[in-house]
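Two complexes are shown next, each including subunit A; its partner changes from subunit B in the first to subunit C in the second.
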Partner chain A sequence: MAEQYPILVLLVLLFGALLVGLSGMADRRVCFPLTVTALGLAVAVSIGILQRVMDGGVIRYFVGGWSRPVGIGIELRIDTINALVLLTVTTVGLLTAIFSFRRVRDDKTEKTPLFYVLYLLLIMGLSGMVITGDAFNLYVLLEVSSLTSYALIAMGKSKRAATAAFSYIIMGTIGASFYLLGVGYLYLRTGTLNMMEIHQAILALDGPSSTIVVAFVLIIVGLMIKMAFFPLFGWLPNAYSYCPSSTSCVVAPLMTKVGVYVMVRMMLTVFGTEWVFSNLQYTQWLVGMAVVAILAGSVMALAQVELKKMFCYLIVAEVGYMVGGAWMANHWGMVGTIYHIMGDAFMTLCMFLAAGIFLKQAGVVRIDQLDGMFRKMPWTMAGFVVGALAMIGIPPTCGFFSKLYLIRGGMESGHWFYVGALLISSLVNAVLFFRIFEIAYFGKNPAEGHAAHHEEPSVQPVIKEAHPSSLIPLYLTAAIILLLGLFNGQIVELIEHSLNGVQVIGTEILVEKGGQG
Partner chain B sequence: MSVMGSFIISQYVLDHFNFWVAVILMMIGLYAMITKNNLIKKLIGMSIFQTAIILFYVSAGVKEGATIPILEHHAAETEQVAAGDAGAEHGSVVGADHDVSKSSEKAPAHEVHEINPDDYSNPLPHVLMLTAIVVGVATLGVALAVAQVIYKNYGTLEEDEILAKIKAAENDG
Partner chain C sequence: MIPEVIQTYTPLWACLSALAAVVPMLILRRETALREGITFLAGFVMLGFVISMVPEVLAGKVLECTLVQLTADVPIKFRVDGLGMLFALVASSLWIVTSLYSVGYMRGLKEHSQTRFFVFFAVSLTATMGVAFAGNLLTLYLFYEMLSLATWPLVTHHQDKEARGGGRKYLTYLLGTSVGFALPALIFCYVKASATGLEFSAAGFLAGTGIEGTAALVLLLLFTFGFSKAGLMPFHSWLPGAMVAPTPVSALLHAVAVVKVGVFCIIRVFTGVFGLEFLKELDIAIVISWVAAFTVITSSLIALTQDNLKRRLAFSTIGQLAYIILGVSLLEDRAVMGSMTHIAMHAVGKITLFMCAGAIFVATGKKYVSQMDGLGRKMPLTFAAFTIGALSVIGLPPTGGLISKFYLVTGAMDANQPWLVTVFLVSTLLNAAYLLPIGYRAFFPKDRQLSSQPFSWKSTVEAPWACVLPLCVTSCLAMLLFVKPQLLLKLASLMVSDAG
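Let's turn to the complex of A and B:
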């Protein structure tokens, strides 16, 4: 049984989707328990996988028993990095599923089964992208997750949801097609689609191959569209802010992060860090672009009046953190990036859960409507504050530690602009969130408190504290943010375990680069 | 100059004719996706774009003088089919294929022919493209459904008119 875990995590979700679809037609009340059960099982299996990877090292699983040397089978390959990201994906899926308990029933009753089918398929696609060891399989799963997310976003009540989804489809298809084309070039040159075998073939090449460079550029550009890296982020803010709350809660934390993960996987496993950092002299360029992304995301976030839009631009900045960290050719930068993939998934989840609760209970869309929220919804605000502190980077939370590792990487590799941008972005986050705290605690205009008091009787009964089904996921997320922070040492150890197994990055290459430049 | 020119043409155009076709089609698709005002025209561009990539893969699997990759029945033991497939996969790309010929030599003597991967076109890109075609159809389906919703909401499929209506709605609100 334990050997079958890698495929089991996908099958549980796939058959969960099938069951939800079939039984949902008869009685839509069974959708929610079925979905939560499927995702609960997926989380349990992910924990089992993590356990096995920690004990026995890398898992190589061949789907259907078509092992590599003879067949053309698909490999699922899991090391500690995948296992951690997989656990993140399934956990975010489970938490958001619990959160969707009331939301979906109220939003669009007749579409409840469809929503849950798409939802499970989305989580399946993302989990598959994380654990697959086959470049073409990754493309198929990328499209599975993208197609489901297009549909989920288009389900939004707002008229603009459909237009946002349309531009997302156009951009997403360009990104995925670029990726597919890149894989095609790789296949032409190496004759295989298996990630490890591609890596072996690239190592075996003597001399530079322009085909491989073109393949790499196409794949990275395609992924950058998918992860909304700075100049290519245009689709993101509208798509994530006009979709239903429960959709934005799962799409916003996961889609971009899994995109970053795939980029890291391409750099580490497929092309190999040695090839990426010493053959291509792109490090300065990409870290420079990441700096621009961080600054631009932060500045645009400052300019927003709507709460969800502000979070969307913060995602753009966070993607800049991770791309910069991965490309600075430094051990700590890479560790920080992978750690931040996890931390940022839960931080973003926390923000969007809170925004969803505010929207639902109090109809809050704009930041200034948060007026007096500490009094009206103290429990929700408590969870929100943890997430906000993590976004700023206050010590016990995971946000602090990921920034610490990223800054250490930046300082060791001498990317001072990146370090500066990271600090400026933290300051901007502090300004953004303390502005929210001030509005929520003291009210919009503390001096005019009297006028507000008169209206209170009419306003007060409308705004109620959130339902437990919304608060529980929020608190669990907040707890995970704190736990990730407290146990950062152990997690980093796990990440390093795989990094050392894959390739040596950092000092050696750095010295070479320092000599050259 | 003309010698140089013909050299360049034969080197970069004729030898890579299939790539040129794919790239030109791709650019046409990309152009339509980015610049066209009508949403359906954008989707037509998207289809051209995806089809170009499919052509790219399919043309990469083609070999001159090769036939469809189905082994004759009497020569088709399970293991050999697998070896033949893997060989065909390598054959077109890497060229050399010692493993396959070895494994066919090892095969029982009553098998008539040695399996030569050069006689068969590479099936793998074609199989991959079956999947890609399915993905393309699904994408187009979702996109058309979304376009229909947009038409219901705004009564038009022209992007500039939709943007104008969004702006007007925002100003009202």
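Let's turn to the complex of A and C:
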């Protein structure tokens, strides 16, 4: 059983989607419990996978028993890095599914089964992208996750959701085509699609190969569109802010982060850090672009009036953090990036969950509509504050430690502009979130003198606190943010374990499919 | 000499005793008396834990406990030594006094949201204890930031426009400098010396890492300005701005806990991160000395011109904090001891002054020095305490302020810095010039009509007893510290004998 975990994650979600679709037609009410069950199982299996990877090293799983190098088999390859990212993906999926309980029921009853089918398929696609060891298979799963997310975004109530989804389709398709083209070039030169075999083939090449360089550039550019790296982020803010809350809560934390993960995987496993950093002199350029992305994202976030839009531009800045960290050719930069993939997923989730609750309970779209929220919705604000502090980078939240590692990497590799940009972005985040706190604490127009506040207000607040099904995911997210921070030492140890393994070939433990013995 | 280490969780309990009070306070938010009772209970429990550690610290031992391994090298760690113990004693004992005062003040003015007030007060105390007992730089930074955030709702308690302005300034300065300066300095240390676990040691964990010259100076400046709770110019203007807070907050946090956390962090940087010996070798601390000297004189001159009593006290605080920084930057044993004891001496004196200012406001609604002519005849106890507090801040007998100032000045002589000795002396005169007239005028007003009336106890209008009792206690404490400063001196000398 345990050997089948890698495929089990995907199967649980895939069959979950099928089951939800079929039984949902008969009775809509079963959709929610079925979805949560499927995702709960996926989380459990992800934990099992992480446990196995921690005990036994890299898992290589050959789908259908078609083992390499003979045959056409697809390999699922899991080391500690993608085990952690996989757990992040499934956990975010589960939390958002719980959160969606009231929303989907209230919003669009006739589409409930469709929503959950697409939702499960999206998580399946993302999980698959994370664990696959095959470059073409990754493309397929990329399309699965992209197509489902287009549909999910287009479900938004406002008309702008449709146009936002459309421009996302255009950009997303261009990105995916770039990626596919890159994989094509790789196949041309190396004759294989398996990531490890591509890596071996690249190592075996005699001289520099322009085909490989072109393939690499195409793949990275494609991924950069997918992860909304500056200046290719135009599709993101509208797509993520006009879609339904439960959709934004899953796409905003996961889509860009999985994109970053795939880029890291390409750099580490497929092309190899040595080839990427010594053959190509792109480090200065990409870190420079990351600096621009961070600053631009932060400044644009400052200019936003709408809450979700502000979070969207923050994502652009955070992607800059990670791209810069990955490309600075430093051990700690890479560690920081991978740690930040997880940390940022939960931070963003926390932001969007809170935004979703505010929208639902109080109709909040603009930041200034949050006035008096500390009094009106204290429980929601409590969860939101934790996420906000993580975004600013206050210890002991995970946001602080990812900055710690990223800045350490920047200092060690001498990228001082990057260090400066990170610090400026932290300060901008402080301004952004304390502006929100201030509005939520003082109200829109604070009284001139302090006499006006001296009696407890007798007026009962009209806005009701959120339903537990919304608050529980928010609090779990906040708890994860704190735990990720407090136990970052262990997590970084896990990440480093795989980073060291990248250079050392032959330490892998082959896990053959059970049927083959 | 390596001090004996004892593993114990007592520092953690001391730290958490305030935080643990938050939940019952929230539950009992409608029962005012019970809620306030919990504050006192937590205060005494905390003080009990702190005192229980005194004998071991005095015996030259160090108490440690490691909580969580944060990064691969750096854990969250508590470590109680002489300096930490000194600061913890001051903060925890004055918390109890201030709690009593807060009860009187908040009830007297019928303030709103009192539960929130007491809850965040307790959280701030936890953060302060965390700073006092922090065993490494990361733990220190963690609690430092926690304190900035936990005090924001206290500073902006009135929730009016003025409070919003003050609160903005407060956070801009504190977070701006800590994220902009202290954090990069911390990470730089982490890059250079992660193997040492960033743990404070008398020799300094940066010694022997090859940091020197400009890099060392920049690092020192980043730390000194990064911990801007210390109010060193030019990053001082949050402090007068934060005077919009209710007076108990100003009293404990802005004369004792918050600002002292700032100077405490700077002392830690000098004695634990760089180490006095290493700094002497580098010969860079003199830059800080002159910045501090400038702050001492300038802030005293500004204080002279302030009519609002709380603002005048705020500028006085800026000057006194700069004393402490000046003392430690001299790197001489006696000057450093003077700095450490001055934390306690100034705390006791200044909290008395702030509580007097609050008591005057509660009883008469007066905020300006110019309105206080002849008030001493109506509030004799308050103004008697005020005068004692003023003497302590100036550094005159019979108060503890003399002791620490004596050490500071002799330290400056040891360092062979005659100009800095002059700075101390001139500023003492300035202190006298802006503090003494207040008390004098209150008892002997210019207006003959006021002074010609015979004094009688029946015509006094003192603030509620809960306001007056604490300030009497602290003024007595200020005099007691003149007679019995041995405990504080012993704790401070532990730190320098380690360093020597």
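Keep this in mind: the second predicted complex is superposed on the first by the 488 of 517 C-alpha atoms of A that agree within 3 Å, B and C clash if a C-alpha of one lies under 4 Å from a C-alpha of the other, contacts with A are read in each partner's own complex, and residues count from 1 in each chain.
Convention: a residue touches a chain if its C-beta (ideal position, glycine included) is under 8 Å from a C-beta of that chain, and two chains touch if they have at least 3 such contacts.
Treat the numbers as computed from the prediction; the structure is a model and nothing was measured.
Undergrad: Which partner, subunit B or subunit C, touches the larger number of subunit A residues?
TA: Of the two chains, more subunit A residues are contacted by C.
Undergrad: Between subunit B and subunit C, whom does A:170 touch in the aligned arrangement: first, second, both, or neither?
TA: first
Undergrad: May I ask you to decide whether A:154 touches subunit B, subunit C, both, or neither, giving the answer as first, second, both or neither?
TA: Touch partner of A:154: subunit B, not subunit C.
Undergrad: Once the shared chain is lined up, is A:438 touching subunit B (first), subunit C (second), both, or neither of them?
TA: In the superposition, A:438 touches subunit C alone.
Undergrad: Can A:487 be said to touch subunit B (first), subunit C (second), both, or neither?
TA: After superposing on A, A:487 lies in contact with subunit C but is clear of subunit B.
Undergrad: Quick one: is A:162 in contact with subunit B, with subunit C, with both, or with neither? Answer first, second, both or neither.
TA: A:162: touches subunit B, not subunit C.
Undergrad: Identify the partner contact of A:411: answer first if only subunit B is touched, second if only subunit C is, both if each is, neither if none is.
TA: Once the two structures are laid over each other on A, A:411 reaches subunit C alone.
Undergrad: Go through the superposed model and pick first if A:188 touches only subunit B, second if only subunit C, both, or neither.
TA: Only subunit B; A:188 stays clear of subunit C.
Undergrad: Looking at A:389 after the superposition, I want to know if it touches subunit B, subunit C, both of them or none. Which is it: first, second, both, neither?
TA: The second partner, subunit C, only.
Undergrad: Under the contact definition given at the top, report the residues of subunit A touching subunit B in one complex and subunit C in the other.
TA: none
Undergrad: Can you name the residues of subunit C that touch subunit A in the complex?
TA: 68-72, 76, 109-113, 138, 141-142, 145-146, 149, 153, 156, 158-164, 167-168, 171, 175-176, 179-180, 183-184, 187-188, 190-191
Undergrad: Applying the document's contact rule, which stretches of subunit A touch subunit B when the two form their complex?
TA: Against subunit B, subunit A makes touches at 70-72, 136, 139-140, 143, 147, 150-151, 154, 159-160, 162-163, 165-166, 169-170, 173-174, 177, 180-181, 184, 187-193.
Undergrad: Quick check on the complex: what are the subunit B residues that touch subunit A?
TA: 26, 30, 33, 39, 42, 46, 49-50, 53, 56-57, 60, 79, 82-83, 85-86, 89-90, 93-94, 124-125, 128, 131-132, 135, 138-139, 142-143, 145-147, 149-150, 153-154, 162, 166, 169
Undergrad: Given the complex with subunit C, which residues does subunit A contribute to the contact?
TA: It comes out as residues 389, 392-396, 401, 403-404, 407-408, 411-412, 419, 423, 426-427, 430, 434, 438, 441-443, 446-450, 452-456, 486-490, 492-493.
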